[in-house]
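Shared between the two complexes below is subunit A, which has subunit B as its partner in the first and subunit C in the second.
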Partner chain A sequence: MAQPEVLSQAFELGFTYTRSTGPVVGKFLTGLRDRTISGIKASDGRVIVPPMEYDPQTAAALTEFVEVGQQGEIVSWCWVKQPRAAHPIQQPFAWAMIRLDGADVAMIHCVVADAEEQLFTGARVSAVWADETRGYITDIRCFEIAGGQDSE
Partner chain B sequence: MSEDTAAVTRIETPIYLKYNFTAGSAPARFLARIREGVLTGQRCPRCANVYIPPRGSCPACGVATEEEVVLPDKGTVQSFTVVAIPIPNNPIKPPFVIANLVLDGANLSFIHLMSECENSEVRIGQRVQAVWKPSSEWTHAMDNIRYFKSIDEPDVPIEKIGKLPLSGWEG
Partner chain C sequence: MKDIAIVAFSQSDCLARAGAANEVELIMPQLRAVFSQVGLNNAQDVDFVCSGSCDYLQGAAFAFVAGVDALGAVPPIKESHVEMDAAWALYESILKIRMGQADSALIYGFGKSSSGELPIVLSQQLDPYYLAPLWVDTVSLAAMQARMLLEKELITERAMAQVVARARMHGRNNPHAQLGGEVSVDELLAAPTFVSPLRESDCAPVADGAAAMIICTPDKAREWGVPYALISGIDHRIETHNLGMRDLTDSVSTRLAAQTAGVSRGPVEVAEVYAPFSHQEIILGRALGLGDETVINPSGGVMVGNLMMASGLSRLGEVFRRIVSGEVSRGVAHATSGPCLQHNLVAVLESA
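Showing the complex of A and B:
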């Protein structure tokens, strides 16, 4: 049997999900839209960012929101040399666990830096807001290495 | 700007999966023939079932299929659904009918559109025939068949659906 020509075609499968946020994450996202970052106080006094609905130890519903800082420090990180199309930043960047000022747990987000060498555990970073905020985690476009000036 | 003050309760989180599909040798032969307006299945050398579109093996016997069988463009409704909800990026306006159709001489159904029929009268066992696009528009695609239309032949009893000979129902 003759070998047929190779037939190949690109196609895209899309799942157009809309997710309910629930009241706690909804409040966190509403805060992002207003360019604030909020956590929630757990029964042991820790401030958890992003906020969670139930206490990790007692499972009681959590309600005490706490606004945290827009700067923090890198706890750990991973440099992405070649971003893929779905990544939030189309230049080399880092995924990082960032402990914001006033928070007791780290939150994952991306960090933009000129070079990998600028990143280290304990490095100070500050949030960069998107031009338009809509109530998504991407309202924080990225974090960047905090400059010499300590001002906002 | 009242929307800007309302609390966020939902977020859109679409997921898009980008594939590059390469047809295997059996589907590639099938697609090469359908480009010429010919429907080609493959017959299992063990159980003699005919499959279209062919996958190169028999799902029941697990053996390779090579013998090609040219099939007519007439068939029977094995099952169907009336789609009432618009599907994103689908240009067809609901309500429309999607059916599992089994061609005469074939033993396995495929999915295609039905039209030129009353949606409320579509039924299992109904006889249908392909309505093709003009041959100038044919490509390597099942879409060369625009849809299947109802034809004036008696319904096929359920126990005979998928078991008709190449010669058809009344032939």
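Showing the complex of A and C:
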């Protein structure tokens, strides 16, 4: 049986609405716009970055913000040889779980490096800011392997 | 607690691309198959219907409503939907029966993943502010999980390849499988990494298709006069959406669900687990407390064909088929949802 002709059309998947991000997520994103990174203290005192509105264990509302460093350590990572069109980096790069200095919980972001060999668990990385920051997680354009001498 | 009987199950072939077939066309043959297994005419002959699917696969809000067209819902029927794998539609149906509001239920799940780029579509199920805007895909998240296990020496790449080789071997006997055949562990390990440390073979293939099941009270099953298997325990648990706060080397939620479902109350002859990545099968085997006496994924599992939104239900269906055929008398089925095994359902099935 011949296959009928398949009609297809490009479709952009996305949120077609805006909403207020509230006092916790909003404060974090506003901080990014000002090039600072903040976390929040969980019920057990651990610092969660990015901040969560509620503690996943106790369900308590969290309020105590803590500013954390812009450098951190890779907790785990993977190497993307062939970036997908939607990915934020269009050359081979890494996704990593990064525990920022002063934080106890790792956050996920991308790491730019020249080659997979430069990445390892425990590697120090530092945040690279977008040219224009607008209050989005993408204000951190990526992380890069921190040099021997910290620039800041 | 009322026992629940599974009386019918059917799953489509796992197709890399279903072409022009729409979701209704994927669902209908499976509904027809389960109705005929029980001798029913249509959805009017069951008390409740529940489906599982994901609108993001179709890229349109309320896309699941179109699936109801497969039912012929005139005159009106009692119907519900979960934006989850149909294993959770089964869970809702069980609650409905246990509450005494129904004696029988039809469950179906479907997905046409080939319309989009599945790992990227699934990135939009993540935290909408912190992760979704990065478009971090599900394969990459699983790869970071695998690296944690490898570097902590909780698994080896060889053990991961063994999972794949065994799945493909089992897949040869599964008429619906997309992949199957003999492949050696060394051959698998010789392939380059895809999203390191994962190789392409460590990742379940993307497939289109559907599955359906009919459950009822044991009384109803006897009235219908069909063979059945009993669900003697079922539970599901979820972990935080914050991946940084989870122990990704274990599946705490599976462990909990297994305990309350009563997995260890008897021998587990067969286990069908939903592990879309090879290392996750190892995590799940440990969390479920499975040993050498258990055959894991005799169907090949999702490593030989992964029907998004239906594969969880199919895990129960595979164990059901083996119990009704007399091959085994007790088995465990597992379904998962979310990144890195975030949400897990465990069911114990026994012969009647």
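One rule holds in what follows: the second predicted complex is superposed on the first by the 133 of 152 C-alpha atoms of A that agree within 3 Å, B and C clash if a C-alpha of one lies under 4 Å from a C-alpha of the other, contacts with A are read in each partner's own complex, and residues count from 1 in each chain.
In the analysis below, contacts are C-beta pairs under 8 Å (C-beta built on N, C-alpha and C of every residue); 3 or more make two chains touch, one makes a residue touch a chain.
Computed from a predicted structure; not experimentally measured.
Engineer: Between subunit B (first) and subunit C (second), which does A:Thr21 come into contact with in this model arrangement: first, second, both, or neither?
Structural biologist: Touch status of A:Thr21: both partners.
Engineer: In the superposed arrangement, which partner chain does A:Phe11 touch: subunit B (first), subunit C (second), both, or neither?
Structural biologist: It touches subunit B and subunit C both.
Engineer: For A:Val105, using the defined touch cut-off, is the partner it touches subunit B, subunit C, both, or neither? Pick first, second, both or neither.
Structural biologist: Touch status of A:Val105: second partner only.
Engineer: Would you mind checking which one, subunit B or subunit C, touches more residues on subunit A?
Structural biologist: It is C that touches the greater number of subunit A residues.
Engineer: Let me test your reading of the model: by the given contact rule, A:Trp95 touches which partner, first (subunit B), second (subunit C), both or neither?
Structural biologist: Once the two structures are laid over each other on A, A:Trp95 reaches subunit C alone.
Engineer: After superposition on the shared chain, which partner residues are touched by A:Leu29: those of subunit B (first), subunit C (second), both, or neither?
Structural biologist: Touch status of A:Leu29: both partners.
Engineer: So in the superposed three-chain picture, is A:Ala115 touching just subunit B, just subunit C, both, or none of them (first/second/both/neither)?
Structural biologist: A:Ala115 contacts neither subunit B nor subunit C.
Engineer: Quick check for you: in the superposed arrangement, does A:Gly135 touch first (subunit B), second (subunit C), both or neither?
Structural biologist: A:Gly135: touches subunit B, not subunit C.
Engineer: Report, in rising order, the residues of subunit A that make contact with subunit B in one complex and with subunit C in the other.
Structural biologist: Common interface on subunit A, subunit B vs subunit C: 3-6, 11, 13, 15, 21, 29, 136.
Engineer: What does subunit A use to touch subunit B in their complex?
Structural biologist: Residues 1, 3-21, 26-27, 29-30, 33, 135-136.
Engineer: Quick check on the complex: what are the subunit A residues that touch subunit C?
Structural biologist: 3-6, 11, 13, 15, 21, 25, 29, 48, 50, 52, 56, 75-81, 84-88, 95-97, 99, 105-110, 116, 121, 136-138
Engineer: Could you list, by residue number, the parts of subunit C that touch subunit A in their complex?
Structural biologist: Touch residues, subunit C against subunit A: 19-20, 56, 59, 116-117, 119-121, 123-124, 128-131, 133-137, 140-141, 143-148, 151, 193-198, 239-240, 242-245, 248.
Engineer: Could you list, by residue number, the parts of subunit B that touch subunit A in their complex?
Structural biologist: Per the stated touch rule, the residues are 4, 7-23, 25, 27-29, 31-32, 66, 88-89, 140.
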